[in-house]
Every structure is written in C-alpha cells, then in structure tokens.
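You will see two complexes here that share chain A, one where it goes with chain B and one where it goes with chain C.
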Partner chain A sequence: MIRSYFKKRPHLVYIMPAIVILGALTIIPTIFLYGLSLTNYELGYPTFDFVWLENYMRLFTGKDAEFWYSVSISLGFMLVTTAIELLLGFWLAVLLDREFKLKFLVFACMIVPVAMTPSITGQIWKLMMNAEYGVLNYFLQFFGGKVIWLSGENAFWSTVLVDVWQNTPFVALIIYAGMRSLPSDPYEAAAIDGAGKLQVFRNITMPLLWPMILLAVIFRAIDSLKTFDIPYSLTQGGPGSTTEFLSLHVYRLGFAGTGWIGRSAAVSVVLLVLTTVISMVLIRLYRKGVENKG
Partner chain B sequence: MSNKWTKLTTVMLLAAVISACGSGNGNGNSAGTGNTGGNSGGAPAGATDTIEAWGETIKSQYGGDTLNLAFASHPSTESFQKLTADFEKLTGIKVKWEVMEETYLKNKQLLDYTGKTGSYDVLMVDGFWMSEYGAKKVVEPLDEYIGNESLTPAWFDYEDIIPAYRNGISKYEEKTYGIPTAGETRFIAYRKDLFDKYGKQAPTTMDEFLELAQFFNGKEDGLYGVSMRAQRGVHAASGLMTIMYNFGGGFINQQTGEVTMNDPKTVEALQFYVDLLKNAPKDVVSYTHEEALSAFMTGKSAMWLDATALAKRILDPASSQVYDKVAFAPTPEGPDGKASALAGWNMSISSLSKNKEAAWAFIVYMNSKVNAKAYVEGGGVPVRTSIYEDQELVAADPSYPVQLAALNDANVLVEKGISWIPPHEKMGQILDRVGYYVSAAMFGEVTAEEAARKAQEELEDIAG
Partner chain C sequence: MNPLGNKKVGATTAILLLLVCVFCVFPFLWMLIISLKTGTQTYDPAIWFFTPTMDNFRAVFEDRHAMDYLKNSAIVVLLTTLISIFLGGLAAYGFARFEFKKKENRAFWVLSLRMLPPMASVIPIFVMASMLGLLDTHLVLVICYMLFNIPFTIWMMRSFFEEIPVALEEAAFVDGASRFQVFVKIILPLATPGLIATAIFCIINSWNEFVFALFLTSADASTLPTTVTLFLSVSGVAWGEMSAIGIVTILPVLLFAMVVQKYMIRGLTFGGVK
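Right after this comes the complex of A and B.
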C-alpha cells in the first residue's frame, strides 16, 4: 500500500528526506519557540507558568525600552549595509569585468573576507579599532587624526564598516558571475543600432542583471537583519545599547545574565516575523525579475 | 550548479552527523564518571590526620574515578591546575578541566543543570551567583561536609579563611554553598611619581578622590584622571557598587527587601560615579576590569580603583610599565563612612554530581591551609589570614597590608549586616538591569535621577 502511495506521487520520494530533516531541525524547534514565548520560563528553574501574551504586551507597550531601539537599529543596519554593499559590490564587479593582469590575485584577495568566520573578523577588527593601541589609529595619527572607533557615537558605524568589509566581495562576486553569464546577442544588436554606453547599461545590462542583484539583496538583507557574530565579538552590543541588534537583544535577555528565556523567545518570534516578511517581499520581487527576464 | 548544491548538502549533513557523534561521546564519558562502588554516601573510613594518610584513604575509595570541572579563566584556576598533578598522584582521582570565560561559564553551568545532564562535579562559582544558585539548588549545601571530621581533616582549617569571605560570598540563607578560593576587595592604586611631582596625597575621602581625578585629568599629555570598570551590564553595576556603600546607598534594602534605587543616597552615589568617570579615558563605557587595568598599567591614568586580586599584575615588571611607580590606598571614606567591596570565587559541588565525596576531596586538597602557600606562589589569589600575615609573602607583595586593611573595611559592611553582593535570588537580573541604566546615565542618555527612577521601576518588577 505504501508502495502504491509513493508510486502515485513519485516526487515524494525525492522531497521526503528534506521534509524530515527540515521538520526535525527547523519546524519542531520553531513551534517549540512559539510555545516558549507564551511562558515565563527562566533558566535554572524547574517549573514555569503560561503567561500567554504578557511577554508580547511587555514588548509592545514600551515596557522593554531597549526592544524598540533594537528593532530600529536592526532595520537601519539592514538598509545601510545592504545599500553600501550593493553599490560597492556593483562597482567592484564592473571593474572586474574586463581582462587585466593578476586578476587571479584580486580574486584571491576578495575571497579572504568571505571565507573568514565572522566572529574572528569581529575579534580582529576589535584589535585594530582599539582607540589607544589599535593599528587604525596608529596610521591615522600620521595625519593628526584620532577616532574613538567603538565609542557610543561611532560603534554603530564601525560595525557597519566591518560588515561592509566582510560582505562586499560576496555581493561583487555574485554580480560578477551574473555579468559573465549575460548573452552577447543583445549587445551586438545594440552596437549595430548605435546605442551609447549609458543606453546599453540602462536598457540591456541592468534588466538582464536584475535577478542577480535581487538575489544578492535577498542574501544580504536577511543576513544583516539577523546579524550576530560581528557585533557580538566587536562590541557585545555596547557601549550603552548602541549596537544591541535584535539578535543580541535575544541573546542578552535569554542567556547573558538574566536568563529570561520566555521573554527572549518572544523577541525572537518578532525577529522571525520581521525576517520572514522582508524575505517574502524580496523573493516575490525576485520571481518577477526572473519572469521578466524570460 | 545543482551538483554544487548536492555537494554542499552532503557536507552539511556530514557535519551534522559528526557533531552528533561528538556530543554522544561526551555523554558517554560523563556517564562513566559515576561512582561504581557503593561507598558514596558513607563517610570514608581510615586515617586522615596527615595529608599523606588522607591521600591513601581517598585513594582506596575513589582511586580511578574521574572528576569533571567547570572553571573560569582566572589566575587562581591556573594555580589550581599546577597543583592538579600532585592531587592526581596522591589520590588516584583523575581530573578533567574545562576552563572558559565567565559569562559563558555561568550559562554552561545553568544549562547543564536545567538539562539534568550532570556532566560536572566541581563548579567554580562567582560570589555574585551564589544566591541564585542556592535558590535554584544548582549547588550542594556544604555544612555537613565541613562539620564531618573524617571528610574535612583538621589540616584543611576552614576557620583560617578570612571571615568576611566565609560569610560574605559563599552563603545563601545561612547555608554554606561554597568554599572561597579567590577573594578580592577593591582598593586604589595611584601613581606615586605623579602624586609626588604635584605634591598630592592619596585620597582618603570620596570628595578628595573626585578632586584628584579632575586635577590629573589632562594634566600631562595623554593622561586621564582615573580608570575603572564601567562596561554596560554587570561591570557597570559592580563599578557602582565599589563606591555606593560608602554613600549609604544600595540596590535593595537587605533587611526589608524593598528596592532602594531612587533613594537619595543611591542617586548621589550614581551621580558621583558618573562624574568621576568623566575623568576617565573616553571609551571607558566599554571597559571591563581588563581594559581599566591596562589603561593604568600603560600609564594612561593617574589612579585606578578596582580589584585587589589584580594588584599582582600592576607590580609585575613583565606586564606593567608603572610597576615601580605605584602605591596603594584603601577605598576612600564616603559620607556614610568606610566600606569596601567584597567579591570572590568559590568552589562548589554540583548538586547533580554523581561523585560528591570525591569532588569534596578535591576541594579540600586544593583549598587546604597546607597547600595555601603553594597555591599563592603559583599565582593564586589568597583568601586566608595566615597567608596575609606570612612575612615572606608580604615582602614580595607590598600591597598585602593595604589589602588586609581594605578587607577590614569590608568587615565593616559584614558587621552592619549588609553583604556587599545583595543576597537576592534574582541577583543576575538585578545587576544586568542596574548596569544598563548606570551605563545609560554615564552615556548622557538620561540624568542620574532619571536612570535611578527607571531602574527602580524595573527592579520592583523583578523583585516583586
């Protein structure tokens, strides 16, 4: 009977393993998370009570002052880093899209940040950004400057800088790959019709590249919205709460010091919803882009 | 493309399988550490009057067992590790160290307890966590062990441990949950050369302290007035506590349990702390004790107020640029008289340990009076009166007499019935929240009054 069931639905055999793994590793924990967010569970206590929506009420009535701040800087971080990385990455891709000597070396250099573990990146930049002994200020002093990189005013932008350093090459490589795979016919046609460089770029390159750009945006936007490793090792969310992104807020509430697992779960649910909504919008855009291309 | 994805998936699956195996092994090991004999629970029989005889007795009972330890990275831990080989030789008990950073350690200990895994036998517990651990029953009450002469031989000498430590950092609701291993109070280190140059005296009151900080701030190129720990969270809260009791303030009234954050005395202390740290290096809001120490050791600040346990490093020519230019002074007297910090680390037995008496044997050996000198010479932080009065050691570390004086100040609090770390089940949360608002006040986001008012609200929510 099972055999006939699968025979009628041959695709099941192929997707079953994925469903089972996803179910075990993602879906069940997520449901568990929703459950946790309705309790007042605290690390170390054997029992807990259901408090239903109290954790969410706390978030949305402004009792948890840091929450809204975290939401705003998380969204800000997402917008800023994605925009900068996209612009820089695009520019780099255009520069790369020609033949020159030592190209392989440039590629090797670009792979380094992508391959580096983000928490290590954070540690190294933390050393470099140390106001008193860091190498950045050492070089700046030749020009008479001194920047307190991780001070309250600058910590957010320093985190942006590190994220840009780490992820721009990734965006550049995606867009570069897209450029290399563009068909040559439209360009020939454009050349015959006598189109200018700007026109070629606006009317041929951009539309054809659109799906690739959106793909890069999806990756970067989702990734930077839930950024954790870099700010964790760079600033631990401080000073004050200037770099306490949502994911760090979750960590602080749940693990570092306070142990409020229930409240922390509620914040992660909000983060999950935010990420899902944003990625759905972007993926829909991406689909449209692909259809247009076809 | 699809080929690449297949490869990627395969790699990820493999990784998952491997890590699953890894944790499986870990469980296997910890299950194997259980005491196989039937002698857990019973008092060990046999001679224990000398350490060698005790070793024989322990060996006959627990030889071959393995103890798992969860410790913080700390000079005392390093010193204990140096003593481990002797312990293993003497008792035949194997010791497995797991040493990690403090925040992570607490997390791991609590998760291990919550998950009922019981992988650890001996825990290193910060005095700050003791009330919480006691209330949650993470650790075992030790009074019976201490009282039992066959378990705790006379050469251990519990009474020799400084009373402030015994009463101040290892108890919860009158029960003892830990043996103090490393203790600290806080005191001032100042630059003797600079003070002489400008004809200044070491501060004896809080007002003088602030004036001196303002005086030295910017007095020389790249010189700041003072450095202290102030990073948001526990560090800022504990920084405030360093001076708060001298103003008569407190987070909670330890007799009634009322939250006293917006008590005028506490606000005054908070305001003082904020004003004082305006004379510190600009990024002081991200300083833990490490950064505060290195700012002082590299000559960037004229004064430093932090843990006595760190004095050793200031006096070490290998790490400090100011080792020959410093002098020490106790925490200055405030409007409410003298007081001094009291904090430290304990060794405790995990309540889930399957081998509690072997764990206790380890604690007895490591913290005994007999081994105290070897422990201190290995870099450990002293907690025993006999050590502070040892002539040889005093000659090597001139800060000892000031430390003992500071510890007497700490006793003032103990006598007042106040423990420096407020004994509260939710201490971790209280410190985190207070630390957040202290940091906000320092940052200029809110005034000291405003910060105190908000902290009051949140603390009432937590404690109520």
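Right after this comes the complex of A and C.
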C-alpha cells in the first residue's frame, strides 16, 4: 500500500523530509502562539488563566496607546526605508551600469554593508552617532553643525539612515542584475520607431525591470516591517519609546522587565498577521508578473 | 550589448562612485580604528594617527570570553548548515525535476516562511523550549535556524539544479541507473559550486542571526551577535572592547561574503535573480 503510494509520487521521497520539518517548525509554534495570546501567562509564575480575548480587547480599544504608536512607526519605517532604498538603489544601479576597470572594487565595497551582522551594524552606528565623541559630529563640526543623532526627535530618522546604509546596496545589486539582463531587441525596435528617451524608459525598461523591482520591494518591505536587530542595539527603542517598533514592543512587554508573555503574544500575533497579509499581496503580484512573462 | 545606451564614466560619476565606496566601508573602518585605540583615545575622534594597541582584543578574549561566543557560533552554524543543506538539497531536487500537483504553491509556501517574523516564532519556541529544558542549548538554535536555512537552500539549489541539462540524466537512465544513483553520481558533482555557495550563504545568515540567539540563550550557548547586550548602557561603554568584539564578529562573514561574491545577487534573492 504505502510502497505503491510512494511509487506513484516519486517526488515525495525527496521533498517530504524538508516539508514535514518546516511544517512542524511553523505550525506547532503558531498554534501555541495563538494559545498563549489568550492567556495571562507571566514569566516566573507557575499558573495562568485563559482570559480569552482580553489581551486583544486591550490592544484594540486603545487602552494600550504605545501599541498603536508602535504600529504606526513600524508601518512608517517600512514605507520610508523601502522608498528611499528603492530610489537610491535604482540610482546606484544606473551609476554602475557602465564599463569601467575598478568595478569589482565598487562591488567589494558594496558587499560590506550587505554582509555585516545587523546587530553589530547598530552598534557601530551608535558609536559613530554619539553626540560628544562620535565621528559624525566630528565631521559636521567642520561645517559648523552638530546633530544630537539619537535624541527623541532624531532617533527615528537616524534608524532610517542606518537601515538605508545597510540595505541600499542589496537593492542596487538586484536592480543592477536586472538591467544587465535586459534584451536589446525592443530597444533597437524603439530606436527605429524614433521613440523618445522617456517613452523608452516608461514603456520598455520599466515593464522589463518590474519583476526585479518587486522582488527587492518584497524583501525590503517585509524585513523592515519586522526590524529588530538594528534598533535594539542602536536605540533600545528609546529615548523613551520613540523608536519602539512592533518587534521591540513585543520584546519589552514579554521579556525586558515585565515578562507579560500573554500580552506580548497578542502583539506578535498582530505583527504576524500584518507581515503575512503584506507578503501575500506582494508575492501574488510577483508571481503574476513572472508567470505572465514566462 | 547595453540596451540603455553606451555610457562612459565621467569625472562626476567617478567621484560619486568613490563616495559610495567610502560611505559603504567607512563604518567598518571606523570600528577597526576604534578597536586599535587605547581607552582615552577612543573618546577623541580627532586622533587619526596613533600607535595601534591590541589591548582591546586581548581584553575581549581574556575577560569577555570571546572565545566561548566564537565556539558557540561555530558549532551552531556548522550543524544547522549541514542539516539544512542535506534536507533542503533533497527537496530542491524534488522541486527541480518532478512534476506534481500544486508544485508552485508548495514552493511559494516554502518561500513565505522566509517572511515570518522571528519575533512571532520566538515567543512560543521560548515557552516550549523552557518546558523541555532546551533553553540555552546549541540544539534549540540549530533547530530554529533550519527555519530560514531550509527554505533558502530549497530555492537556491532548485535554481542550480534546473540549470543542469535533463539530457545528462536521461543518458544515465538508459544505462540502467536509478533516480537516486543519478542524483548522487551525476547531479551532485555538477552542482558542487552551487552547493558550496548555498552553504556559505547559510553560514552567513546563521552567523548574523540575532533574535533567536538573544531570546533562547543566556550563557552556555550564546553566539557572537548577542555580545551587543554587553555594551548597551551608553554611559561608561568600553568603546574599544565593544569595537574589538564587533570586528571579531563581522570579519568571518565579510571574508565568506567575498568568497561568494559571484553568487551574491542570486543568494540575496533566493535564487530569483541569476
């Protein structure tokens, strides 16, 4: 019975082990997470009760004002960093899309931010952004300026800057690869028809590059929505809670100090739903683009 | 062969590219500089020329147990990479060479796991691991890292397998080889560069992972990225030691990244862009 089942589906022998492990590793914790979010489980207390939807009621009736603040800055951070990284990355790709001898060196430099451990990135920038001993203010003083980089006002934008530093080369590399693989036929046809530069860009380049751009957007949007490493080591969510992104809010509720696992589980369910919805929409768009092309 | 027109590198472009390079590398260099300064020098960014000291490196290895972190990182990264390459490689072959129902849906389900916020998995895993007594062990990190390494390996290796001509396999089938023999004797040797590149990307990603390591370990199994917790308070931070351990953490990944430079774009996009 079992033998013939596998004989008819020879692919199962290959894909089953990985799929079973991945399924177990995602489905069991997710169910457990939903369960936890319905309790008032606290770290260090042996007993807990089911409080059902109380944790969610607290979030959605506005009793937890910090939660909505976290949601808004997380979404804002996602939009801002993705937009900036896309524009800068595109510009950088255009710069790179020409022949010169030292190109390999530029690539080698661009790989440094891409490969750098994000938590250490936050740390380096904390060092450089220090108001008194930081090298950024040392440079700025030559122009007569001084910025308190990690003050309440500036901390959000400083975090954006660090994220842009780390991830723009990633976007640039993807779009550059896309530009390199553009076919030359449509451009020749356009030249014969006498199309203008802007027309060529809008009607030929953009549609051909679209899948690459979308791919870069998928990775950047999702990763910046769930950002944790950089703000954790750069600002700790502070000062106050000005840079307390959703992940950091989960961390502070559940682990740092309070230990309200139940409540932080509810917040991370919201984070999970947000990322799932956004990634589903983006992946669907991407699949449509790729499958239409092929 | 450049459809966007033949562009030359003018002076402006050259300067801009130079600035980009400096901007990308400077933070790393600055950390290196600080790590070679003495305590008082680290508080003065105007000092550019000084006699480098290895005191900070000595301090992190002697007082901050950098060696233990390094060892933990190496153990976790190696084990998770080996297991992920084995399981993911098999599955990748399945996706590359067989036709079955809902194949693409399954493949994209695998991809969507990459999008899961670790912050959502880590809470239940923390509670479950503490019930099972697995907190602060290498094992729990090895298991968690499979969560992103297996999907990555599947997508990456699939793109490498699909580049190998099917005709090679068919010839072997005619000679009477079984599917598995073909996989081991023909496909794997041909895909070795891809396997190595994929393994190195798994190493880089696991080495850099922070959320799971922060929550699930506390002393015995802590990996290098968690050392940032040693230097969180802003007042009285030992900048020199902080930089030294940062350099110890990022140097291996930077070297590995330079090795796989050729496959960088492919690795960053899960095999999506070649």
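Keep this in mind: the second predicted complex is superposed on the first by the 288 of 294 C-alpha atoms of A that agree within 3 Å, B and C clash if a C-alpha of one lies under 4 Å from a C-alpha of the other, contacts with A are read in each partner's own complex, and residues count from 1 in each chain.
Methods note: a residue touches a chain if its C-beta (ideal position, glycine included) is under 8 Å from a C-beta of that chain, and two chains touch if they have at least 3 such contacts.
From a predicted model like this one, the values you see are computed outputs, not experimental measurements.
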Using the touch definition from the top, say if A:259 reaches chain B (first), chain C (second), both or neither. first
Looking at the overlay, what does A:122 touch: chain B (first), chain C (second), both, or neither? second
What is the contact status of A:45 with respect to chain B (first) and chain C (second): first, second, both, or neither? first
Which of the two partners, first being chain B and second being chain C, lies in contact with A:287: first, second, both, or neither? second
If we overlay the two complexes on their shared chain A, which of chain B and chain C does A:206 touch? Say first, second, both or neither. neither
Tell me which partner A:9 touches in the superposition: chain B (first), chain C (second), both or neither. second
Chain B versus chain C as contact partner of A:98, first or second or both or neither: second
Between chain B and chain C, point out the one touching more chain A residues. C
Touching A:36 in the superposition: chain B (first), chain C (second), both, neither? second
After overlaying the two complexes on chain A, where does the chain B footprint on chain A coincide with the chain C footprint? 21, 132, 236, 255
Contact set on chain A toward chain C in their complex: 9-15, 17-19, 21-22, 25-26, 28-30, 32-33, 36, 41, 92, 94-100, 105-128, 130, 132-135, 138, 165, 169-170, 173-174, 176-179, 181-184, 186-187, 205, 212, 215, 218-219, 222, 225-226, 228-229, 232-233, 236, 246-247, 250-251, 254-255, 261, 264-265, 268-269, 271-272, 275-276, 279-280, 283, 287
Can you check the complex and tell me which residues of chain A touch chain B? 21, 43-45, 65-66, 131-132, 148, 150-152, 235-241, 252, 255-260
Which residues of chain C touch chain A in their complex? 1-4, 6-9, 13, 16-17, 20-21, 23-25, 27-28, 30-31, 34, 42-46, 87-88, 90-91, 93-95, 98, 100, 104, 106, 108, 110-113, 115-121, 123-125, 127-128, 143-144, 146-147, 150-151, 154, 179, 204, 207-208, 210-211, 214-215, 224-226, 228, 231-232, 234, 239, 242-243, 246, 249-250, 253-254, 256-258, 261, 264-265, 268-269, 272-274
Over in the complex, which chain B residues touch chain A? Could you list them? 13, 103, 107, 110-111, 113-114, 132, 136, 138, 231-234, 281-283, 285-286, 295, 298, 300, 428-429, 431-433, 436, 439-440, 443, 445, 454
